[in-house]
Amino acid sequence: MDLYLQFLFSGLTLGSIYALIALALVTTYNITGILNMAQGEFVALGALAACTLYSAGFSLPAAFFLAVIATAVVGGLMERLVINPVRNASNITSIIITIGVSIMIRGLALLIWGTNPYSLPAFTEGGPLKVLGAAVNTQSIWVFGLLIVTVTGLFAFMEKTYWGKAVRACVINRMAAKLMGINPYILSLMAFIVSGMLGAAAGVFITPITLATYDMGFSLGLKGFVAAIIGGINNVGGAIIGGLLLGVLEIFGAGLISSGLKDAVALIVLIIVLLLRPQGIIGVVSGRKV
Amino acid sequence: MPRGNLMKYLFIAAAGIGFVVLPFVLKSNYLLSIFIVIGIYALVVQGLGIIMGYAGQVSFGQAAFFGIGAYAVAILTTHYHWGTIPALLAATVLPSLVAAVIGRPTLKLKEHYLALATLAFGLLVHIIFSEGGELTGGPSGLTGIPYLNIGGFVFNRDYKFYYLVWAVVVLVFLGVRNLDRSRIGRSLRAIRDSEVAAEANGINSAALKLKAFVFSAFLAGLGGGIYAYYVTFISPAPFSFNISIQFVLMAVIGGLGTICGPVLGVGLVVALGEALRWLVPLVIPHAGGEYQIIFFGLILVLAMIFKPEGLSTGWRKITDSEKAEETGLLETSANT
Amino acid sequence: MFLEVSGLTKHFGGVMAVEHINFNVNKGEIFALIGPNGAGKTTVFNLLTGMIPPDKGSAKFKDISLNGLMPYQIRHMGIARTFQNLQLFNSLSALENVMVGAYLSGRKGFIQSLLRLPGVAGEEEQVRKKSLEVIEELGLEKDINTPALALPFGKQRLLEIARVLSGSPELLFLDEPASGLNASETKQLANFLKRLKEKGLTLVLVEHDMDTVMNVADRILVLNFGTAIAEGTPEEIQRNGEVKKAYLGEEEQDEYIGCKWS
Amino acid sequence: MNILDVNGLKVFHGRAQALRGVTFHAREGEIVAVLGANGAGKSTLLGTLSGIYAAKAGEVYFKGEPIIRQSPGYIVKQGLSLVPEHRQIFNDLTVQDNLLLGAFHRYIKDKGTLSEDMERVLGIFPALRGRERQTAGILSGGLQQMLAIGRGLMARPKLLMLDEPSIGLAPIVVREIMEVLSKLREDGTTIILVEQNAAAALRVADRAIVIERGQVIISGKPSELVNDERVQHAYLGRTGGHAGNVAVAFGY
């Protein structure tokens, strides 16, 4: 029982990260119609940049904020330089472009940071907390906290602010939004900047648990996709549930069957979902898109 | 027009003679092996070109089909001592069956679904290769694949393989050209241009796209089978996701929807890869060959931005672009 | 009965697009569907050609039910259609576009084509011949090698018709064939439609150009808000008060409009 | 003074020419009805004026300034709003949010005046009052049309263009909307009204133009047009026998 609870908490920690990445993917997809295959690379960039800044003497919060800003700039540049020029192109074109960008970022990360793993200290000191008999890492609490803050913040932005409503208007009816004077291309830029920020934040928060390497983004990005597809590719609520579900499934799969299987779980889930319910398993239940 | 035709045939004849005499001219086995690999990849990319150029869908699992073909040969010959013909048959049938299973649900969907399904499938297959225990030999792979042997003729030297591979490439090329100029090829291009109109003109688009996808896996498996026989040992590395990306790059660079494109694309990318392998360490000391992937990413992005017509709009007629390419080549060779 | 449509109904969300429509089309006639914007004309076409499934109702072609058939299956039964927004195979040449239509009768499959087995070449030649005949009939012979995308708009419209004609349909649905054509092209089109009728083809037409409709149609069905409000010959339809109201608006107590138009 | 001058406007959809040189004008404070059958090019005309479609040739002056090929955002800022065909409201947002987004281009600048403007719109369409927090998508067709017009008014347009506001609506609602348009004109708003419902449009219009096959074929006062057989023909066509004569009359 304790063991299962332990698995559940680890799964939810991992799942929170997947959910954050999926959230960024879905937001970008809803606004721009582009699946950003480089989303995972934003996670790696944020994590590695924070590690470097921290070891250069910056405080942890300063390293975090600078890394988030730097990755946001990368996201914005990506949109301006390679996404905006092909905004009328086909799906295949845009997906190949984002894959090309992800390859480049990974290669550059290899060039700058090499193959060694980097680490950050846990955000708060102290041993694991005992919850219902299971040990929960304090860093895990930070990760949950990040997910909750992000989801609340995004929800508040979309539902409560004027600008958030302009974004939703653009998703609902692009032509009418244009007539109101809302510029979809600026929203597209915003989407990429926000994805950069979300990815980087997720990367920094997870680093004390998993360490940061140049190639961490590939697998995380892929898991984010699986989470988004489980939830239905344009469904924010679904992305969060999908992420948490996938994290838990992975940890249970690794713990109960074989640790070599951990990565295969996500892929098998993805293939099963695509074959059986490609519109997502949660899409129908919660329905609402942002 | 007749003059153009004459030039075309002269060019084809010259290219043909060039290919036939190449092994005698090349002093280095290394270069010959590169030409063999180009030929094998050309088969795989020819297949990818069919699903991308005709069905208008991108597949990130081509290396997995390539790998299934290779592993089929490796496993069947080393564990079960199958002969060449049945082993190669299995190397083509197995990927085709797998493609039929994945393709049926995902090809019906629009957008990115085939891309994601093939991406996941490719990664999963790679994990199976690495984690397959004794059957696949795990991360270190399988060794001791016998020589390719057709009716007692043993392909034990590189030049023999060279002729075999390029003979297959030419046969496949002719087959694809037949296809292109037939009811099937035109129907596929019709589906790509307007699926709804194709259906309204009596074409069962779902069935036809599935056949194209299966054929593309068939060619990848064929390439994989020959590859296994050529290198005689197999490990998971040459069938990774990165290789799938390289196949996509080759197909895109060569020009989609053209018959010559795949061979051209493979040649360019392989040559570029080899060049980078020499050049990168000169610029960045201590850098290994893996940095070439940065340039592949860059080329992929630039190609998509500046030459996207290869993928989305303005598909030219295959025969037209073929002519354009050939005359282009002729003009440059005439000038030099 | 050649084409028999009964009780055809389709709702989109809560909105009624087509409500219980009945009509019959006789062999060899030109039948027109007209009505204001959003009346449900194109929806009727989409329902009858298998593009969308009906909620209720049935359609029978030569006493065979069309319900549940896919668009390509309906085409194989001899029913063809064109599209309001042109749906050409843009990268294919004009000849190839027409050939795709003519392949309807083709039997050669993937492997036969790949290996160019015996019979493939013969079938190709037949299809090419048939396509060239149709192209000549429509006066497109100068453009056979031009990609469809590069043709002028009027010729693109003709090419779309040529494409379905090469598959020898018995019943042809034309969705706004005159839209985007200039006056002289529209007149040519009308004459051409009459010629098709003389050849024994049955036509069902959705068209906004009323000159064309009144000129060529044998019978007209008027739709408004998804329901049929009138059916009859062009003369009957033009005299019909309901139809005028549907098109020109309803203003019963209106002083001047009232006396002039009703 | 002319608030809008359109000169030789030519627009293509793909290769199909939708407008073949449209020339007309609107004077300040009048209602101009644009009539014509389906597919004549009316919606294309409004879409082009508001920056949604790009013109191939021609000139458009709004308050004397060229606005052709400007972005929709720029054009709405100048005071030219479009209430598009089929309403195109933001279904998942509330009535209030829909209205507020209508003022998007001046949100930062005059945030303070928005509630005032909203009050004005609710005064014009009292049926919307009390429904501010309802989701727009569940409103009836008539209310949605009022919301779409209200959203357009939130931009404080000098010139309001409406694309078939009567489509799919009951006659009584159509009448109500037409009355609102008359009132708006009295308040000084210029209106261009595209309608298939010719009778309803001609009743409120000061002037009307009829478009056929992408060209203006008639323009004049409603009383003149009502007696003009050509208007009826543009909608209902001519029987086969007359086609030749009419073509000559139209100068083809």
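Per-chain numbering from 1; labels A, B, C and D assigned in written order.
In this text, a contact is a pair of C-beta atoms (placed from the backbone, for glycine too) under 8 Å apart; a residue touches a chain by one contact, two chains touch by 3 or more.
Keep in mind that this is a model prediction, so the values were computed, not measured.
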Chain D and chain C - chains in contact with each: none
Reference chain D; chain at largest CA-centroid distance: B
Separation of mean Cα positions, chain B and chain A [Å, integer]: 33
Rounded Å distance, chain B centre to chain D centre (Cα mean): 55
Inter-centroid spacing, chain C versus chain B (mean Cα positions, whole Å): 43
Cα-centroid distance, chain A relative to chain C, in whole angstrom: 49
Chain A, residues touching no fewer than two other chains: none
Junction residues of chain D, two or more chains touched: none
Residues within chain C bordering two or more other chains: none
Chain-level touch network, classified as line, ring, star, complete or other: ring
Inter-chain touch pairs (all): A-B, A-D, B-C, C-D
Chain D to chain A touching residues, read off their complex: 50-52, 71-73, 76-77, 81-82, 84, 88-93, 97, 100-102, 104-105, 107, 151, 155
Chain B residues within the chain C interface of the complex: 175-176, 178-179, 181-187, 189-190, 192-194, 196-205, 208, 211, 215, 257, 314-317
Residues on chain A engaged by chain D in the complex (per definition of touch): 162, 165-166, 168-169, 172-173, 175-183, 288-289
Chain D - residues contacting chain C, complex: 13-18, 20, 37-40, 164, 166-168, 171, 174, 195-203, 213, 223, 226-227, 232-233, 235-240, 243, 246-247, 250, 252
Residue ranges of chain A touching chain B (in the complex, touch as defined): 35, 82, 85-86, 89-93, 95-97, 99-104, 106-108, 110-111, 222, 225-226, 229, 260-261, 263-264, 266-268, 270-271, 274-276, 278
